Amino acid sequence: MGVDETYRNYEHPLYASLEKMPGITVGLARLDQLLQWGARNSLWVFPMATSCCAIEFMTAAASRVDLDQMGTIIRPTPRHCDVMVVAGTITVKMAPRVKKLWDQMPEPKWCIAMGSCAISGDFYRDIYSVVPGVDTICPVDVYIPGCPPNADQVMVGLRRLQEKIQLQREGKWVEPDKRPDDPRTILPEIGLYDRREDDMTERQHEASRHLGVGGNESRDNDDGVISHQGGVSETAGGSTE
Amino acid sequence: MNEILAKLATEFPGVFDAENPDPSGALVPADQHVAVAAFLKENGFTKYVTVVGSHYPASGDEGVAEYEVGTVLRNPTRNSFAFMWRVRIPMDGEVPTLCPLFAGADWQEREQFDLVGVRFGGHPDLRRLMLPEDWEGHPLHKDYAIETAHPPWR
Amino acid sequence: MEVRVPTRPNPHLDIDAYDADADLMALNMGPQHPSTHGVMRIKLFLDGEVIVKAVPYPGYLHRGVEKLCEKLTFVQIIPIVDKHDYVAPMTNEQAIAVAFERTLGIEVPRRARYLRTILAELTRIGSHLLWLGTFTLDIGGTIGGGASVMMYTFREREKILDCFENLTGSRFHYNTHTVGGNRHEIPDGWVDQVKAITALMKIRVPEYEELCTGNEIFNLRTQGVGVVDADLALELGLCGPNLRGSGVDHDLRRDQPFHAYDEIEVNVAVAQGGDCHARYQVRIAELYESIRIIESIIDKIPDGPLSSQRPVKSHLGVKIKTGCHYHSIETPRGELGTYIIGGGDNKSASPYRLKIRPPSLHSMSALPYLLVGHTVSDVVAILGSLDPIMGEVDR
């Protein structure tokens, strides 16, 4: 499935009309900032929640990790929502419905792929009835890895999306044209991860290379999306992907 | 376990052996399948557990590709255990359905038809359960590739 | 052959022949819908507001696990099977491990059996808490007030998940059971953590019960709704709280003991009535019972090895015995069984055929019988009280 990104750069119609008025640009910057802040901090989420990641998503929306504190409300109808969080395996039977619901969401819209089943199909990717990753159906903005990701990682992913929205509005976002070979988690600048040791990521990659799973093998899909998951791994467990 | 085997050996001689019971479940001919289930239901095995179909491809030159259908029932009493038996049919044959006896057989048999391909004779509504209605092939056949593509989604 | 009782609704009703004058409407619920049970689709045929025929369509999460497991060994199967009943993950692994152990005749050491029992009961508490939260969420509405109990129960469930994280390292999908025992040893302070949980639950569960049973709207929406009589329940293969809510006294923990249940007394909760309220009462009673079981054995975990097998050097080490084997355990949803067919000689490390008998599939197959005659608003209550988990239904 090709991914159509021609509608990525969203222009607010209010600006187009306001810009034509002389001397208005002074106030426009402030208005722009206000609108950006509003769009960022009130992302209403559409949970395309199919399997186990749905439970972690519900947990993220519940008491301990409260997504509501970021202004996100879980709305079950796509017409009201900004963000579609795909949590869980997408199967061949479900895929046309996901596409239909994605098309029903009004602009501007973003998509978060949560969990390794939605990112790449996990170890189900070679099975006859599983779609290997939801980015074959709709363009994904943020990938939250994990099987399932911890509930606080959902919060991290939504914060990363907020950063991305801000950078896009400011015009500073550079869209990577394919997934990097090296699956480093991009951590947002929210000050939580200062305590992470500098070489932790290197050590984790070294460990995964030693076990012979995942890592730096890339395999081309038909539509140019590179995935970094091999077949079924021989070692047990898969809490971190 | 021995009592029910003894009763079954009396009722269906030649099929059930009370002295050396087959640990995988006795092989019951297809025409006695429903009678065995009815007899067990009258004797306390009222809980329907499951039905499992498997595909055995033809081995050698004269072998015939077969389906083996295992049925499991349970008695919901203090010393509960699961009783199972098997039916073997050629691939174009039919196993009589247990739907009039057990309402749960409806969906279980539909699922086995969907995935394995074994047909159940007399089933009120034998159609696919798990896979889309227009799917071709039965995935749990031994010669069905697990990576079968299904354009445009995979 | 017994005579079919004529009052049972016919799930294969011919819609065209129903009534020429009635104006039937086909309403589709799902596969994506606000209720939190995963992707399922129910096609309802309505005569006005009353349901005449309900046709559920499962399979939107069919991941082909049974085909996948035919080329995997037991070490690889355990994390895959983990993802079926994702609300009660420990018991999935335990079902497979118990099936393999009973087939191969491997004995599990007492320490592992006690640990497994504690984990199973903690999982039962976590699963019923989540069920209670989502049940009341569905009945009350997300913004309407049903979210209160959900927030409370998820708060408690976080503590249980912390406990599991302390033991195994992950909140979900632990991969902590193997054939012959467990992998993760109990860390220091874990026993105190579990005791703190049970002490807390003894205060909280009566609060939740009072919130729900004392709520008139809850009672009106669940009493008399979705009645299953005992015969239909047994025929359908219902199990667990769904069966015990219909008055059938059957619990695999007592009737075919596994883990350490042969050394523990299990009081089985049975409710008469068969409606949603009865199933709710059974699950609340099971919550109390799980707390009691954990408290009675948490101090008595015997010392010894945690696994009777040496750590497996190669995942091809364990071979499956020839023949067909069926073994099951009692999960929070009912009887989760595994039917394994071993290969021709005793030397194959992968099963020839592996079938998981999911309790939720039977619960879902009860829907065509239960929904007839009710209104659309009852569908949500009935679906919630049956507690299906789609990962299990579709595998």
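Going by the order they are written in, the chains are A, B and C; count residues from 1 in each one.
What we mean here is this: contacts are C-beta pairs under 8 Å (C-beta built on N, C-alpha and C of every residue); 3 or more make two chains touch, one makes a residue touch a chain.
Keep in mind the model is a prediction, meaning the values are calculated, not measured.
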| item | value |
| --- | --- |
| Pieces of the assembly after leaving out chain C, positions unchanged | one piece |
| Pair of chains joined by more contacts [C-beta pairs], A-B or A-C | A-C |
| Centre distance in Å when chain B and chain C are each reduced to the mean of their C-alpha atoms | 24 |
| Rounded Å distance between chain A and chain C, as computed from the means of their C-alpha atoms | 31 |
| Whole-Å separation of chain centres (CA-atom averages), chain A against chain B | 44 |
| For chain C, residues that touch 2 or more chains besides their own | 59, 62, 64, 67-68 |
| Junction residues of chain B - those touching two or more other chains | 131-132, 139, 144, 146 |
| Chain A: positions in contact with at least two other chains | 93, 127-130 |
| Touching residues (chain side chain B, partner chain A) in the complex | 131-132, 139, 144-148, 150, 152-154 |
| Chain A - residues contacting chain B, complex | 1, 92-93, 95-96, 126-132, 136-137 |
| Residue ranges of chain C touching chain B (in the complex, touch as defined) | 1-2, 4, 8, 11-12, 58-59, 62, 64, 66-68, 71, 231-232, 234-239, 243, 248-250, 252, 254-256, 323-328, 335, 337, 339, 341, 352-353, 355, 357, 361-362, 364-365, 369, 394 |
| Of all residues in chain B, those that touch chain C in their complex | 23-25, 34, 38, 41, 46-50, 52, 54, 70, 72, 74, 76-82, 84, 86, 100-104, 106-108, 111, 115, 124-125, 128-132, 139-140, 144, 146 |
| Chain A to chain C touching residues, read off their complex | 48-52, 54-56, 58-59, 62-64, 74, 76, 88-89, 91, 93-94, 97, 101, 123-124, 127-130, 147-148, 150-151, 232, 234, 236-239 |
